[in-house]
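Comments concern the structure below.
Chain nomenclature is as follows: A, B, C, D, E and F, assigned in order of appearance, with residue numbering initiated at 1 for each chain independently.
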Amino acid sequence: MREEAKFFEDFEIGETRTTDARTITETDIVVHAMHSGDWMPHHTDAEWCKTQPFKKPIIHGNATFSITTGLCLQGEPLNPHGMSYGYDKIRFPVPVFAGDTIKVNVTIIEKKDHPKKSTHGLITEEKVTTNQKGEVVLVAHHVLFVEKRNP
Amino acid sequence: MREEAKFFEDFEIGETRTTDARTITETDIVVHAMHSGDWMPHHTDAEWCKTQPFKKPIIHGNATFSITTGLCLQGEPLNPHGMSYGYDKIRFPVPVFAGDTIKVNVTIIEKKDHPKKSTHGLITEEKVTTNQKGEVVLVAHHVLFVEKRNP
Amino acid sequence: MREEAKFFEDFEIGETRTTDARTITETDIVVHAMHSGDWMPHHTDAEWCKTQPFKKPIIHGNATFSITTGLCLQGEPLNPHGMSYGYDKIRFPVPVFAGDTIKVNVTIIEKKDHPKKSTHGLITEEKVTTNQKGEVVLVAHHVLFVEKRNP
Amino acid sequence: MREEAKFFEDFEIGETRTTDARTITETDIVVHAMHSGDWMPHHTDAEWCKTQPFKKPIIHGNATFSITTGLCLQGEPLNPHGMSYGYDKIRFPVPVFAGDTIKVNVTIIEKKDHPKKSTHGLITEEKVTTNQKGEVVLVAHHVLFVEKRNP
Amino acid sequence: MREEAKFFEDFEIGETRTTDARTITETDIVVHAMHSGDWMPHHTDAEWCKTQPFKKPIIHGNATFSITTGLCLQGEPLNPHGMSYGYDKIRFPVPVFAGDTIKVNVTIIEKKDHPKKSTHGLITEEKVTTNQKGEVVLVAHHVLFVEKRNP
Amino acid sequence: MREEAKFFEDFEIGETRTTDARTITETDIVVHAMHSGDWMPHHTDAEWCKTQPFKKPIIHGNATFSITTGLCLQGEPLNPHGMSYGYDKIRFPVPVFAGDTIKVNVTIIEKKDHPKKSTHGLITEEKVTTNQKGEVVLVAHHVLFVEKRNP
């Protein structure tokens, strides 16, 4: 695995990058339903969907979330000084349909000391996923736990 | 789809339920890597894992998260008065390995008015996923947007 | 696993319930072909299908059968006093196409003593799967081997 | 598709053939659970299985059934004069575990006139699936609806 | 596994056979992307594809290649005297889209002694895969390492 | 999609890079068998494998080949001046088992003019895939069709 050392001090607020794009397909909806066991009618009951405002199946928010994470990691090196700490917020403002093409913009939005460990800090990167119309379909605040070079 | 009407007023802090259990397999790790495109070495490079404290591949946090959601929905009726609003917090305190068996405890932990829409409130349910040893492997705060019976 | 004890005596002829619905997709056809190894042209050779009365690929009867079973089990508790004994009849009267939405009606149609074991009886439940037009696409007679409370 | 014409008169009681073998894997269990939505603890809750006589997860009977059908069709020509009519009996006498290798013996066991259509007859082929120890794990009576050469 | 002994001497230049056909679906594109990790935009970014001469996603050449191999093996017996040596040439002259139906023509085009082992020879079979319009979509020269009956 | 322009003149013989590693699992063997339809006993009949020199199932050469390609593309930019022309050679010198971890070394080994189009040249990159012991498990000569900056 290709590594690239990046300490807490090396992250800068406002750093940003954009991922490649991926088209969501009906297969993605079915694969996520199968793997998660989430067969709610919003995703896999086309007749029920016809009675709803969005008219046709939408992909699970968690599938968009997982694919967002995958897009962010394509070709990224491993940072031996950081690890995922969790998420502080996830929102799904606009539904994603089969045929939509999504990509992700990732921006560093916050840096702060870890409340208990003086050797590490917490970095928040905001992932904003958009569809081919530029609509925001997902926002996620990913928190990284990163070692300090000079604690 | 079986429906069960539940208004904002019907949720009570402390309400709790436990899901069925599911054993995580190597197949689950590979299926999630394939679907998300996340092939980080923690999950799919067994040689690299041998050099790490956890020694063998761990499943992606997002896979545990998706499976947690699926377990919570098995056999649950659709509530026509509520919808998912997002997540306010996700943490992965303990890694999950192939062979671990997980289940989820869901508890209503917060109720509050929606800041802008007086017709709806926000309900937070805490999902706590544990493995066969009783260790907490995932905590997620799921926020529901629920209609009020008497706004 | 949530359990619900139900002895032979507790089953009543005529008991009935209906499952949630699921839309069959092209993905389901391909996944079943892949898993079973059944690539007969009815399912996966669209050109050959054009020469047949049904004109386009149909899903494998066994796939409809497996999905029928899955729909019947969603949210059902485990009965510690019963187990599957087998099937006495399966018919596929109408083909299922990608885009069709199916659900299952399950009815207890027969109760009888087990020919050899006086401690158990045999219960037959009829699963009738219908599409969105109300056409019957599958009928299966599932036999359960159930312990008697008072043998 | 390679075709081989075979009329009702061409089938003989006692005709028999044996398929290739296939090893059932943990992946097969998970793929069937995912596709069918059948996550009963017998198949996917290893902790619960430890409390049962069979001690470890067993594959779904319907998965063995689907794979049996697939094995029977590998390399078989299409018979333009016959089609599947359904099944009259399916039994699962011995459980199948990950690691077991199964194959199928197919024998013509019955020929009879169709009760209503004088142009066709019904052929029953018995599929007997065995594991690597020679134990019978599945028996299925498959009924074919076959055109008569000389009605 | 059904075996059929075929020595080097038994192969004849010009021997030819045609496989069954299989329709390529969107699912096949996604499954191959997932399994290989090849998410190049030609296959899974429908928006980018609109800017290209071929206008819509095409399946990966390697997927066509793998499916070609699978079609060639359906129902083929195992030859205990031969094994795959490798490929000497693969070309993808025409793209394959979801909805195309492909089949393969296999012809023995070359026989020669193995340069070092006098007990074996090398047989080249040419696999030519065509779509429903008769266009050649793949050519592969498969080399077999085959034992001689009379070295 | 991130692009990086690279003309024929920009490739240099001897240029080399190494990909990330990926552990091959039993799931990968089954997924490839399912997708390709190649259920030869070398891959999916564990009993037959016990009678062979390699003793246990090996993954399909084509699966190693597809995964090799995927590893090579992870994080690679799109070159708008080049496209895949095909393969001139593929060999599988050592079998790959579930549990092996593979990575790929890619080296430019040949540059030549295209025989007919003076505007383009042919670049051969050699992909050498090795396992965790350093054994070469696959060699593939991939030919790229690349535009010249100054034809």
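Everything below uses one rule, namely that contacts are C-beta pairs under 8 Å (C-beta built on N, C-alpha and C of every residue); 3 or more make two chains touch, one makes a residue touch a chain.
Since we're looking at a predicted model, the values are computed, not measured.
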Same vs different contact residues, subunit A with subunit E, by half of numbers used: different
Interface with more contacting C-beta pairs, comparing D-E to D-F: D-F
Identity of the chain that, by mean CA position, is farthest from subunit D: A
Copies subunit B and subunit E - rotation angle from C-alpha fit, nearest 5 degrees: 180
Approximate Å spacing (C-alpha centroids) for the pair subunit B, subunit D: 38
Subunit C-subunit D separation of Cα centroids, rounded to whole Å: 16
For subunit F, residues contacting two or more additional chains: 1, 20-22, 26-28, 31, 34-35, 37, 39, 41, 45, 48, 74
Chain contact graph, described as a line, ring, star, complete graph or other shape: complete
Residue numbers on subunit C that touch subunit E, as the complex places them: 26-27, 30-31, 34, 39, 41, 44-48, 57
Residue numbers on subunit B that touch subunit E, as the complex places them: 34-35, 37, 39
Contact set on subunit C toward subunit A in their complex: 20-23, 25-28, 31, 74, 99, 101, 132
Interfacial residue positions of subunit D with respect to subunit E in the complex: 1-2, 20-21, 74-76
Interfacial residue positions of subunit B with respect to subunit A in the complex: 1, 22, 28, 31-32, 35-41, 45, 48, 60-63, 65-67, 69-71, 73-74, 78, 84-92
